[in-house]
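Two complexes, one shared chain (chain A), two partners (chain B, chain C).
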Partner chain A sequence: MNALKKALGRGEGAGVLPSLIAIVIGLLAGFIVLLVTKPGQALGGFTAILTGGIVDMKSIGQVLYQATPIMLTGLSFAFANKTGLFNIGTAGQFVVGAYAALLVGVKCTFLPGALHWIAALLAAMIAGALWGFIPGILKALRNVNEVISCIIMNYIGMYMVNFLIKETIYFSLKNQSMPVLASANMPKAGLNTLFSTGINMSSLNSGLFVAVIMAVILYVLLEKTVFGYELKACGYNRDAARYAGINENRSIIISMAVAGAMAGLGGALLYLDGSGRGFNVVDVLAPEGFNGVPVALLAMSNPIAVIFSAIFVAYLSVGGLRMQLYEFAPQAIEIIIAIIIYFSALSLLIRGAVASLIAKNRERRGERGNKQAEGGDTQ
Partner chain B sequence: MSLLYFIVQQSMYFSIPLLIVALGGMFSERSGVVNIALEGIMIIGAFSGTLFISFFQDIIKGQPLLILALLVSALSGVIIALAHAYASINMKADQVISGTAINMFAPAFAIYAARMINSARNSNGTQQIQFNNQFHIAKVPVLGDIPVLGELLFQKTYITTYIGFAILIIAWLVLYKTRLGLRLRACGEHPHAADSVGVNVYKMRYIGVIVSGILGAIGGLVFIIPTTTVFDATVAGYGFLALAVLIFGQWRPWRVLFAAFFFGTLKAISSAYSGIPFLLSLPVNDYFYKMLPFIVTLVVLIFNSKKSQAPRASGIPYDMGKR
Partner chain C sequence: MEYIIEMSGITKEFPGVIANDDITLGLRKAEIHALLGENGAGKSTLMSVLFGLYRPDKGIIKKNGDAVNIHGPGDATRLGIGMVHQHFKLVHNFNVLENIILGVETTKNGFLEKDQARERVLELSKQYKLAVNPDDIISDITVGQQQRVEILKMLYRNNEILIFDEPTAVLTPQEIDELMGIMRGLTAEGKSILFITHKLNEIMAVADRCTVLRKGRYVGTVEVSQTTKEELSEMMVGRKVSLQVAKPVRQPGKVILEVSGLTVKNKQSGKNAVDNVSFNVCEGEIVCVAGIEGNGQSELVYALCGMTKADAGSITMNDKNLTGAGIRRRGEEGMAHIPEDRHKHGLILDYNLAYNLVLQSYYSPKFQRAGFLRFNEIYRYADTLIDAYDIRSGKGARTTVRSMSGGNQQKAIVSREIDRDPKLLIAVQPTRGLDVGAIEYIHKQLINQRGKGKGILMVTLELDEALNVSDRILVIYEGRIVADVDAKSVGPQELGLYMSGSRPDGVKKGGGAQ
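Here is the complex of A and B:
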């Protein structure tokens, strides 16, 4: 109980409570949206959102499968955010990573077995890192606002990847990229049969492990190393960090490159999932990139918490697919997530309210304790 | 010569919405609130405006319909901007996060609402909103007959072009020639100093954000009308481009005008290059033209950002207790 209390209201009311409140408000708002559009089916639709992710083993597998790429884009956003950077460029980093992975997956036929998908993942990380590095170095050297440069890099990345796919690995019949070799796909590691309902297997694969391992690595890097401390110091107060002898420019550049690598890896894991998914050549920014933002914000940029918030957001999306049975458009889920983010932006207020509530409670309890103590004295 | 007319007319379609939206962003940022939500506000404005047109196009005709639609989208912009203002002014929330939430909300809402409305209206639950474009002006009477200038500015145009220029002049007058403008700018530079002489910082910032909501939403509709007859819940990143225009324009009205036309012309060339014989003959892929405006924007920012003259207090919540 104490541990739970600690987790819910650590110290000044931080912890997960503000996020939980935001989630509850978001879900309630979603219910209202359903009620307004189709009152008769709202309850059924809302129940589908809440339970769609756990109705059977396959759904659980699908939740974990959908959580994998957004876990990485969430990590990408969260890591940069720790250095005080707003990496809205995850969409661009995501697609260049996906392209690099697909290129290696289709073209590098000489790579044997497991080496093939490992090479594809590495290529994706390098491509993503480069796409994050550019806004980073522009911010460090030329003071270019990273929000704007990241957004611009998203569009350049999208058009460039579409162009490159058409030039190199285009499958014109389907207007998408060619299928990758089997050896480039992530091993299933038995996960798809473990999470299956009857003969319906989920799409889960070992990419989930890669994402979780990355979250742990980033956590250790941020919390247990001097370098991570320097990154966070730049995030808290850039001037103070510089005054303390920390190379802020280096921190900004490396932070953005690492963030880009994570998003790029996310792109690789989405397209190397073994389902034969091709990259559609359309001029639309990758939604998986932007979905990393709510994941990271809900997790308050803590890499370990990102694992859980990614699963939560994926859980809502899987529930949203089920909600379509009740003839609701799946965008209701995005509306819910947007409202959750809006209220998590108000977390300062919620945190303050929680803190004062806790303080009041403590005071009351303290008073009671004192009275008891006094009573004891008189007897 | 006809090629020049063609490029100028085309670039108007792209520059005017950029100009209007960037001016909206200018009011917000000069009052001290970063408004990254412009993209979402544009989508909401375009959504409500096109929806209004599709409902009333058989009842009201021509330019009055467009004017009414602009008013409707302005109203929707006010509502969505109030959400941003409340979070960033009263709640002192992170303004970029609040803006991001609105940017996520707007397209989701536009698609959801369109599908629900369409499935109720004609049982084909698509996310597009179709409308008839009856607003094109082939030639403005009298003015369109002026040699050269008439053909450049008063032929094959939309009433929104002139609204855009009117907004520019009004924005400049308000910001630099009125007491309100002075106070608004003071709140973006040094809110505590403004507060100390009796300026209501919260009120000024609310005004700034609401004006950005009005102009952002109008800009969204102005962008959709000449370019398509089907609104598909997107404004193609124009809200973000408008932010870049605002930075390139150094938060000043006339420079914003220049920046908007700079990018608008590039964008027009990239989308209409197939109508320009010289560019079509170049051995360049069309993706290059699509990337060009963004690459040029980035290059311009690289040379422009070092001596940035951003409003000093922009993005920082105003806390009366702080000094």
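Here is the complex of A and C:
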């Protein structure tokens, strides 16, 4: 954990190389698992998972498409993490956001054109923010551990949305939500045809832009503003933040609400993708919510890095689909993807090592002369 | 000469820093050998080499004349070398006995066999007069007792060479005296002690010989009986240091801070941690709150700064009632605070130096525009403070504060708080854990501020500091101010009596501007 923190602090020294090493180690670990489980098909399966996401334009489009919702849940987790909060409630925030978007998409027929999907996204953000706000306010005012309240909110969210869908926008034939109006869907912006193979178009839409823009906004917010300074101060050291007169309760509440809004937006973008996807009324927590956690950890909670880690995770799952050609069961594929992500995250510890090596070399070269007697007693 | 441990020509280099440069140290049997040096002089590195935590680049370690290789703490333990670290290595929810036997447990058929161990611990604690109760949980006992547990751990492992790393930094004056007694008792029983410190009084009181390091180099070894504090401090710092603080006479001005009837309840026990306290601080005056740790100083300061709410009483600054004001409001009204715990409250260790230097002012128009931080301004301001207050660090304003030495971290806080140009400066143990050079520096800064007409409220556990620096001393005992005396007309003995609660009539003597 310390090594992780150190690596975070030394972003400039470390660069992308250690992350790539981490990913390579993760892939090797995955390959070993394939060898053990099905030696004969291992090479084929491994090639499939590696190339599945980039064989053609459509696959690339699918990767970006699948990356969109987990990019937002990843941002959600990462942002709260910067304030020292463990937002495990992304799944709940995700579904309430999805519901709000679907409700606006189905019911608000009076909204013209582009205003419709914008309103749906805003509704999703507000609903998600509310779902993050509740654990936030409990933590701030009553010091309730946010992990516990977030988990509870996940279940409340899931059952409540299932109930509300049946009450309001139920399509009983398919046991899912009614389809939204066309105007509520995210514009394709030509992305589906750009990323297509022959007549096979990908499902990519402008939701990707929304996610990327959000990542940039959060990055600027955290790194460039007074508000971000306060949030990170609370995350690093709550006592010192308080000492400096920062209202840490306010920071906690806002941070959770913003995190919730991101996850809610992710839910909206998944269901407003224009594919006619309905919300299935089943008692299962949204996996996109939890997938945000590895995405954020792989990115070390850096919003810009979340863009790429989400694409990486989506790339694995698109490639994983192709593994079925080699008779791997979907469950086995999930396991292999999990192992790759797990090892990649673990070996991010390498970042710390590489960063200190770089620093060592630099100091050897340049700063021999003007050394300072600071070595011994630092804490 | 017979040495039980001889380290010669020890050199250890870290990237960019030679932490130990050809250092020689000889420890005789049954002596207390002090290792003196400023922060960053290489004391800890040298001891880590002896304890096997670092491998030296050059040099030999001999035990009883035979060269030995120490590859890790395990080897050190086998050679009979034990260490009490500055931050104790105890399991807080284990009891005393369990901590002592941890790692060397005796077992019978795979089950713990504690009775034998308990007997041995009791025997040792009797022999060396280290009173502890084996069944007490570590988190329930005082810091002084925890230290005894650490010492017992070494004795239980039959260590002969005992390293004490800054053992007095966390102790009250009484506990320090007790520790000195324990150390003498240990040498009387034939143990040899290496005593790392930068406190000259303690060396004069207890050590037989003293080796001085400066900036990673060996300066010399002296017989303590044939040297003076002044000589030692000169060896350590490399120049003459005034141990007495030069302080011009100054007449206190009008009252800046007025506290009346302040009461703060302890949240757990419901008792009054601060009990009906009234005092004032004037312009150009250093008022010191002296007392033994845990008598309500922290609670008093927290209430003054707004970090906890007062249960009764009032706080008035510059004729403004700030009793219910928030932390930031108090700061804006001219209250600055050098906190007791620089890691917990004073700094955000993972922020860089510049970010920490604007911790109290980042939101002012100077450092932000429309909610966006003005990085150019922040770094320019940080550079001026770094120059003006001589804050040393590896990468200047961009250094992560965690990697800075304790003295420079404290300088950063002091510079930040003084540069706010406060009317009242609350300094809580401002020199805790610092070396002579840094202490001198901080004291000078406080007296400068006094010269500029600021009111200063200093909380300290060190009697010398209270007597040397302040104009007026308030003694706090069990949450009450039991004495309010002129610093010039009081001696350490008298203060000691007030501090232990044996003379509860001091307030009547009055002092300062009432």
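Quick note on the criterion: the second predicted complex is superposed on the first by the 308 of 379 C-alpha atoms of A that agree within 3 Å, B and C clash if a C-alpha of one lies under 4 Å from a C-alpha of the other, contacts with A are read in each partner's own complex, and residues count from 1 in each chain.
Everything that follows uses one rule, which is that a residue touches a chain if its C-beta (ideal position, glycine included) is under 8 Å from a C-beta of that chain, and two chains touch if they have at least 3 such contacts.
Worth saying up front: this structure is predicted, and the values here are computed from it rather than measured.
In the superposition on chain A, contact is made by A:Asn162 with chain B only, not with chain C. More residues of chain A lie in touch with B than with the remaining chain of the pair chain B and chain C.
Look at A:Ile339: by the touch rule set out above, it reaches chain B but stays clear of chain C.
In the superposition on chain A, A:Tyr243 makes contact with chain C only, while chain B stays out of contact range. In the superposed pair of complexes, A:Ala259 makes contact with neither chain B nor chain C. In the superposition on chain A, contact of A:Thr37 is made with chain B only, not with chain C. In the superposition on chain A, A:Ala310 makes contact with neither chain B nor chain C.
Overlaid on A, the two complexes show chain B and chain C touching no common residue of chain A.
Put simply, chain C touches chain A in their complex at residues 14-19, 39-45, 215-216, 305, 307, 326-328, 331, 337, 339, 343-351, 355, 359-360, 362-363, 368, 371-373, 392-394, 400, 402-406, 408.
Residues 5, 9, 224-227, 229, 232-233, 236-237, 239-245, 359-360, 363-364, 367-368, 371-379 of chain A touch chain C in their complex.
Residue ranges on chain B touching chain A, taken from their complex, read 36, 83, 87, 91-94, 96-98, 100-102, 104-105, 107-109, 111-112, 115-116, 119, 125, 127, 237, 240, 243-244, 247, 285, 287-288, 290-291, 294-295, 297-298, 301-303, 305-306, 308. Considering their complex, residues 33, 37-38, 86, 88, 138, 142-145, 147-149, 151-153, 155-156, 159-160, 162-163, 166, 283, 285, 290, 293-294, 297, 327, 329, 331-332, 334-335, 337-339, 341-342, 344-349 of chain A touch chain B.
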